[in-house]
Each structure stands twice: as structure tokens, then as C-alpha cells.
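All chains are identified by letter, namely A, B, C, D, E and F, in their written order; residue positions are counted from 1 within each chain.
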Amino acid sequence: TDSHIDVSGTHDQVVQIETNIDDQTAESLGYAMDKLLANGALDAFFIPIQMKKNRPGTKLTLLVKKQDQDKLTELVFKYTTAKGVRYIPYERTIMQRSFEKITYKNMPVRIKIASFKAVKRITPEYEDCKEIADKFDLSLDTVYDNIKKRYQG
Amino acid sequence: TDSHIDVSGTHDQVVQIETNIDDQTAESLGYAMDKLLANGALDAFFIPIQMKKNRPGTKLTLLVKKQDQDKLTELVFKYTTAKGVRYIPYERTIMQRSFEKITYKNMPVRIKIASFKAVKRITPEYEDCKEIADKFDLSLDTVYDNIKKRYQG
Amino acid sequence: TDSHIDVSGTHDQVVQIETNIDDQTAESLGYAMDKLLANGALDAFFIPIQMKKNRPGTKLTLLVKKQDQDKLTELVFKYTTAKGVRYIPYERTIMQRSFEKITYKNMPVRIKIASFKAVKRITPEYEDCKEIADKFDLSLDTVYDNIKKRYQG
Amino acid sequence: TDSHIDVSGTHDQVVQIETNIDDQTAESLGYAMDKLLANGALDAFFIPIQMKKNRPGTKLTLLVKKQDQDKLTELVFKYTTAKGVRYIPYERTIMQRSFEKITYKNMPVRIKIASFKAVKRITPEYEDCKEIADKFDLSLDTVYDNIKKRYQG
Amino acid sequence: TDSHIDVSGTHDQVVQIETNIDDQTAESLGYAMDKLLANGALDAFFIPIQMKKNRPGTKLTLLVKKQDQDKLTELVFKYTTAKGVRYIPYERTIMQRSFEKITYKNMPVRIKIASFKAVKRITPEYEDCKEIADKFDLSLDTVYDNIKKRYQG
Amino acid sequence: TDSHIDVSGTHDQVVQIETNIDDQTAESLGYAMDKLLANGALDAFFIPIQMKKNRPGTKLTLLVKKQDQDKLTELVFKYTTAKGVRYIPYERTIMQRSFEKITYKNMPVRIKIASFKAVKRITPEYEDCKEIADKFDLSLDTVYDNIKKRYQG
């Protein structure tokens, strides 16, 4: 649900890498997430899981391009305490995307237009809105709402 | 774990549709779940996930019949803010099911009998029990327990 | 929701001890839970929490008797990596409880009868049912259902 | 974050009722939530908790008016398997609220205006938007966005 | 992240068995987890899921060897209330493992050495450390830290 | 469990601010967490909650100093969509803390020494270790383990 995937077609393939972790701290897992995202993972997220022996474990999931599977496997072994990882190859359907640019408060804002058959959705880019929210000391929702009001797509 | 799947054999195939959502409200996701179930999803559920940038996201999962994959993909794009979905084809093993009918407090109750080799399980149907619980102002467990006591399967 | 609280009145007071943990592994937290329960905590449970810096942390909660607050505080510091704990004093309402004994498959089973005004609930004791399930190789639900059918309370 | 609290002042008091549940099914808990909300609970929600003996339990929390504490306690005992409940008295700060009405697609929509010092927020009422979304076969976000665009508050 | 998988190569295949459960209690699910692990599941864990009709359900996941798929399917039907299970075949990459033995406080401790290309990780075995922690009344982290300090691998 | 609380005594008081959110996106909540932590909240975390109408909501919890309660209340109303917040005053017990400094790879590392009666725990500071891990391209656990081995407290 993000612009972190730069495809424009409507079908592609990714690999999901999963591992359950019960012997790494949350501090260290937070650090690992940043490193994995900075090194080519398309997405990374945690799910809380309840493991044997009353362990409040964490399932790490990565989405990666097929050609990055080996590299990211090695990085999971480097940054986490996982001793094995498992793979699911995914087929995906992606909405078609295009971008427009507007200005708001003299700041540039990209507008992402995602479409699929009859469905069309408009989303101001998070990073642009965040910059405006930071600069003018506004909540993110205020910036989003105002930009959506202005956009005449 | 429900009667929402009307197969009676012991093997079938379904497709799991997944997407991670970080830009839709819980109110709107609750609405989407109802719509997706009302339009052919066999099952729909949410898993709380921890996404990058401290986002408390939600993973939406649907189980759908293979022939409904395209239709449900479009409905996910319509009712949620997902910009892509991914698929896992599942093989399943399903217990064999049959139904009997009894009456309890003059109300009809279907009894689901699920069996697989040596295992046999008896479950009064939720919707029937709910109707009785509503009418007689009882907890669901009271109704279930009483019906199980009466049933001489 | 258990027999682990041996009061019979309808009101009492307990203290809830809480702490958020981001620097201890799930393995070690599972070990800690066992130790805290074995040393006087009335109840102990984990809630998955999403902490700053993308940390998939864990909130540990204990319910303890007021007179055990200091002892359990020290044990939390011993078995977890918490560097501080916080307290909420709770007032509680407890259902009145009594016990009966029946036999099932020649094994003794305590039946807990919990009542509060018009509400009355019957629960076979977990540990007794577990012993029967283990011995006769049954699921817990089978044992529960059969005992509930037999009990003529 | 809802119109379910009909106060207009900025301070009030509520009581939180909590209980951990490990011996009731999810089906039955879903039924209980509906009943508790229909009988005076201001809010009700579930938190997944990890209890002793590898139990994936559920913490039920209710917010109730002080004068409803006894009634809701009894209803918790009626509709759930809890054998005890605990209380926290809360003080709250509530934004001041007023309502305006607009029409959209010839349907009435209440607009909630919540304000607190310099903060002012505009929210179309969920139930009104849901009715429009249902009638015109739209997603909830589409209705919200369009109404926000029209509102000249 | 455990020694529960006795392969030493770097690739293998496992089957994931999944089912969503909404009609079994947490007590009974905790019992089921123990039985499934004792009967050949390589791993078993719970994920809290939010199902239709406000049900706080539980997703049970097992990892099993391909040759154990049928046996574990039957055991899921025996010990849980699932009426169907679904499968994902996984390919895995496993770190290479070897073991050394040291003594600490006159107790034997196996040290697991996991390696993959440039990555090498050292982990004292949980069960050995637990025995020492129990015997000398120490936290698990204290035992781990001391053993790691002593080990000159 | 962090150095984010600069008290050195063993008792203090904080206020917990809570609110349930069902009408704000995860993106916007992630932004809000950063702002609240940057503006004086001692701690901030999210708990996934299951709200009425199938909403996968989020409970935001802040720990704040008593004198910051009003300011943080206003900031919650500014950065989130909450229309009310509730308070619990907490008493806490805090371990006594002191710091030592060592160098590792020519980088300074603060060692936090937390003690309470017979319990003493040693923790290298996260931010220092993170800087070293970043600079030398190591996992956080590698840095922690090496520093713990070197420290002769």
C-alpha cells in the first residue's frame, strides 16, 4: 500500500521471506528492520506470535524481488538471530500508478493516482506531506485533508 | 472453522488474497470487511502488524474460490486503500459434514456433524443458537451447553 | 477467570504491576513468566505492544495481593530486564464459588460452581480434565463436553 | 473517538471494567460484545493477551458510567465466562462537540465539530456516511472525502 | 530460531499447516499446542486474528515435515475445533550448525554454532541454561551472559 | 526499561494517558508517535485492539510527568483523531541507576548500571551501540555481546 514499489504494470512476482524469532530483543529487532529496509527489502513488518513455552515471539516478514532473495536471506542471518528462513513466492496484482504535482503552501506535493478498472484513488505522497507537517507544525491529517480539498484531479 | 464453506468433500483449493494496509482507518476497514464477506469472500480477517516508521498497520486476508479471485481483487481495490494484493493458492483438507435438526425451546437448531477418520465433532449452528439466545435472553454458552446436553447423536 | 484466586467473598483488592520490555528475548520472558507465577503472582500475562523505534515490545502485567507487591517487584527486577515498574490498585468483584466432586472414567473431577445474583456457571476444573485427557488420549473439549453432560448440578 | 459519549463538557469520570478470559470461544465473545454495547457500555474492546500455559486469551475492557458499574458487572458475568472483574476509575478530558447538518446526494449528514483550545476537528458521522455508502455502492473513504470537500465549516 | 529442526544442510522443505479457530477456548488451545508439539510438529504458534462478527479468533500455524502432513492434519482435527486446514509448502534456507560442549558451574552446556557464509552465531542451548538457572536460582539472562563471557569459541 | 526516564530515586509518579483510536490511519499514527515523544512524553506505545463493528483499532498510551499532563493532552488532540483521553495516575518503583564509560573500537560507550537490593544489571546504552553498529556494519547483538564481554564491572 505504498510507493515503495516502483512497478507500473499490473502483475509482478515477489518472494516473501519469513522467520519466527524468540531469542532477539525488541531493540535489536527494531534496528534490524531499518537495516533490511535500507538494503533492498520492498517491505518489512512484524507480527506478534505466541510460541511454545509461553514465549511472546515475533514473526518477521520481508517482501523482496526474486533477484534479491539470496542477498536478503544473508542479511536476515546477519541482523537477526534467525537460524532458518522460509520462502513463499507471491504473484501480485498492482494498481496502475501515475503521478501529478501540485504545490501547497509553496511546497511541492506529489499526488499518486492509482487506478484499476473502474477504481481510481488519489493519495498525496507521505514524505511530501510529512515535510509540510513538520515545517508548519501541523498534524498529518490536516495536511492530507487540505491537499485533498485543493486537488482538482 | 465454520459452515461458511459449503463443500462436502475432503479436498479443495482456495486462493488467499493478502494486503498490508497503513493508510485506511479502522472504521473504514470494518466497513470493508462486511462488504467483502457480503460479496463472495469465504472468509476475511485482520491481523495487527507493525510496519516501518512506527505504523500500527493491518494485514487483511481473504480466502476466496479460485473463480472469484479477479472479482475479489477488484473489490479489495474498491473498498480498501490497498494499491496491490498478493496471492497464495492453498490446498485444503476439509472434514466431511452432515447436518441433523433438533428443536430446543420450540426453535429449530441445525447440528453440524464433522468427521474425519476417527474424529467426529458435533457443533450446533451459530446462527440458530444466536436466535435462541436473543429471544430468551441467554448467553450463547448457555444455549450451546443445553443443546449439547440434549443432543443424542 | 480461574480457580487461582482462592477468595470466596465478592469483593477484594489486588495490585496490578506493569512494565514494558524492549530488551529481553521471548525465550527469557517465557522463563520469567513461569518463575513469577511460581512465586506468588495471582496472574501474569503478556500483551504485544508497538514501541518507539519500530520495536515489537512486550508489556508484562502481574496481578498480586497487596502484601506481595514488594516481593513481586523485586522478582520482576530479578527475572526480567525491566528497570522500573508501575502499579494500579484494583478493586474487584468476584463471583461466589463452591465446589462439588464427581467421578468420570473413575477419575475425580472437581466442578466449580460460580454464582452472582441470578447468574450461575458450572466449570469442570482444568487440571482434573487435563489429567483425564492425557490418560485417555482425548481432546480437552471432549472431556469437558462429556463431564458437562454427566453433571446433574 | 466516537459519538457514543454524549457529554459536552470537557471533564467527566468513567469506570473501566476489565477481565481476562481463557475459557470462552471467540464466537461467544463476539456475541457478548454486542450484548454489552446494547446494554449500556460506553465502549467495549478486546485485546489479545498471552496467558500462562500457552493460552491465547482475550482481555475484555468496558468503559461505563459510574452509575452503570453494578449493572454491567452483572452482565459481564452473564454473557462471558469471567469469574471476576476489576475496576479502574478514570478521569477523562473530552473535546467540546457541536454538530452541523449538510446534505450530500440528497441524504442528511451530521458533521461533528470537536474543539479543544486551538485544535478543531471536523468528522462526518459514521452512521450517516455508511448509509450513503450502502445506498450508492461506494467505499466509506470515498464518501468521507467527498463530504469533507463539500463542507465549508 | 531453535534446535528443534535437526537438519544440518542449508536447504530443506517443510509444510505449513494453518487454520483459523473461533470456537475453541484458550485453555483448550493451550492444551492442543502441547499435544501437537509432542506429536511431531516442528513448530507451532498462535497469531491473534480479528474475524467477522467481532470475534477475537486465533490462527494456529504448524510447521511439519512433508511426510508428517497427513498425521498432523488428523491431530489438528482431533485436538482443535478446526473443520478444515490449509497448506503452504515452504522451501527453507537453514544455517549450518555444529555443537560444542563447555561446563559452567559444573553443569554441561551445549553451545550451538550456526554459520552461513560470513555470518557466525553462538547460542547456548536453552534447555541447558534453564536447568542451571533453575538450580542456582538465576535469571536466564544472567546464565546466558555468563556463559557467553566464558566461551572462547 | 530505558534511559528515557531521568530519575535516580526509587519512587516517583507518572500519569498514563490513554485513548482508543478508530478513525486515523497507521501512517498518521506513526507520525503522531514521533511528535508526542519529541514533545515530552516519557514513553509512547500502541496496542492493537479489536473494537465494535469489526474495527481493528489502536490504543495509544503515553506515560507523562504529572506537570506535563495538560500539555500532552492538548498534543494528543492535535496529532491524533482522539476526541477524549483518559488518565491513570501511576506510582512507580525505579531501579537506581549509575553510569560508567568504556571505549570499544575507539568509540565511547555508556554502561548503565541498574540496581535494586540484591539485583544488579548492566546495559550498554542503545544509542552508543547503534552508532558503533552503523559505523562498523555490525548487528546490534554483535556489538552488545562484545561490549558485555569487555566490561569488567
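Heads up, the rule we're going with is that a contact is a pair of C-beta atoms (placed from the backbone, for glycine too) under 8 Å apart; a residue touches a chain by one contact, two chains touch by 3 or more.
Note that the coordinates shown come from a computational prediction; the quantities given were computed from them, not determined experimentally.
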item: For chain F, the least number of touch steps when starting out from chain C; value: 1
item: Labels of chains that are neighbours to chain D and to chain E; value: A, B, C, F
item: Relative to chain F, chain with the most remote C-alpha centre; value: B
item: Centroid-based (C-alpha) most distant chain relative to chain A; value: C
item: Separation of mean Cα positions, chain E and chain A [Å, integer]; value: 28
item: Chain centre separation in whole Å, for chain F relative to chain A (CA means); value: 24
item: Contacts with 2+ other chains: residues of chain A; value: 21-24, 27, 31, 33, 46-48, 50-54, 56-57, 78, 81, 88, 126
item: Graph class of chain-chain contacts, one of line, ring, star, complete, other; value: complete
item: Chain D contact footprint on chain E (complex, rising order); value: 21-27, 29-31, 33-34, 46, 48, 51, 53-58
item: Chain E - residues contacting chain B, complex; value: 19-24, 47-52, 57, 59, 73-74, 77-78, 81-88
item: List of chain D residues in touch with chain B within their complex; value: 24, 27-28, 31-32, 78-81, 126, 130, 133, 139-141, 144
item: Chain F-facing residues of chain E, complex; value: 48, 50, 52-54, 56, 145, 148-149
item: Touching residues on chain C, where the partner in the complex is chain D; value: 1-2, 5, 14, 16, 33, 37, 43-48, 63, 88, 90-95, 97, 114, 116-119, 121, 123, 126
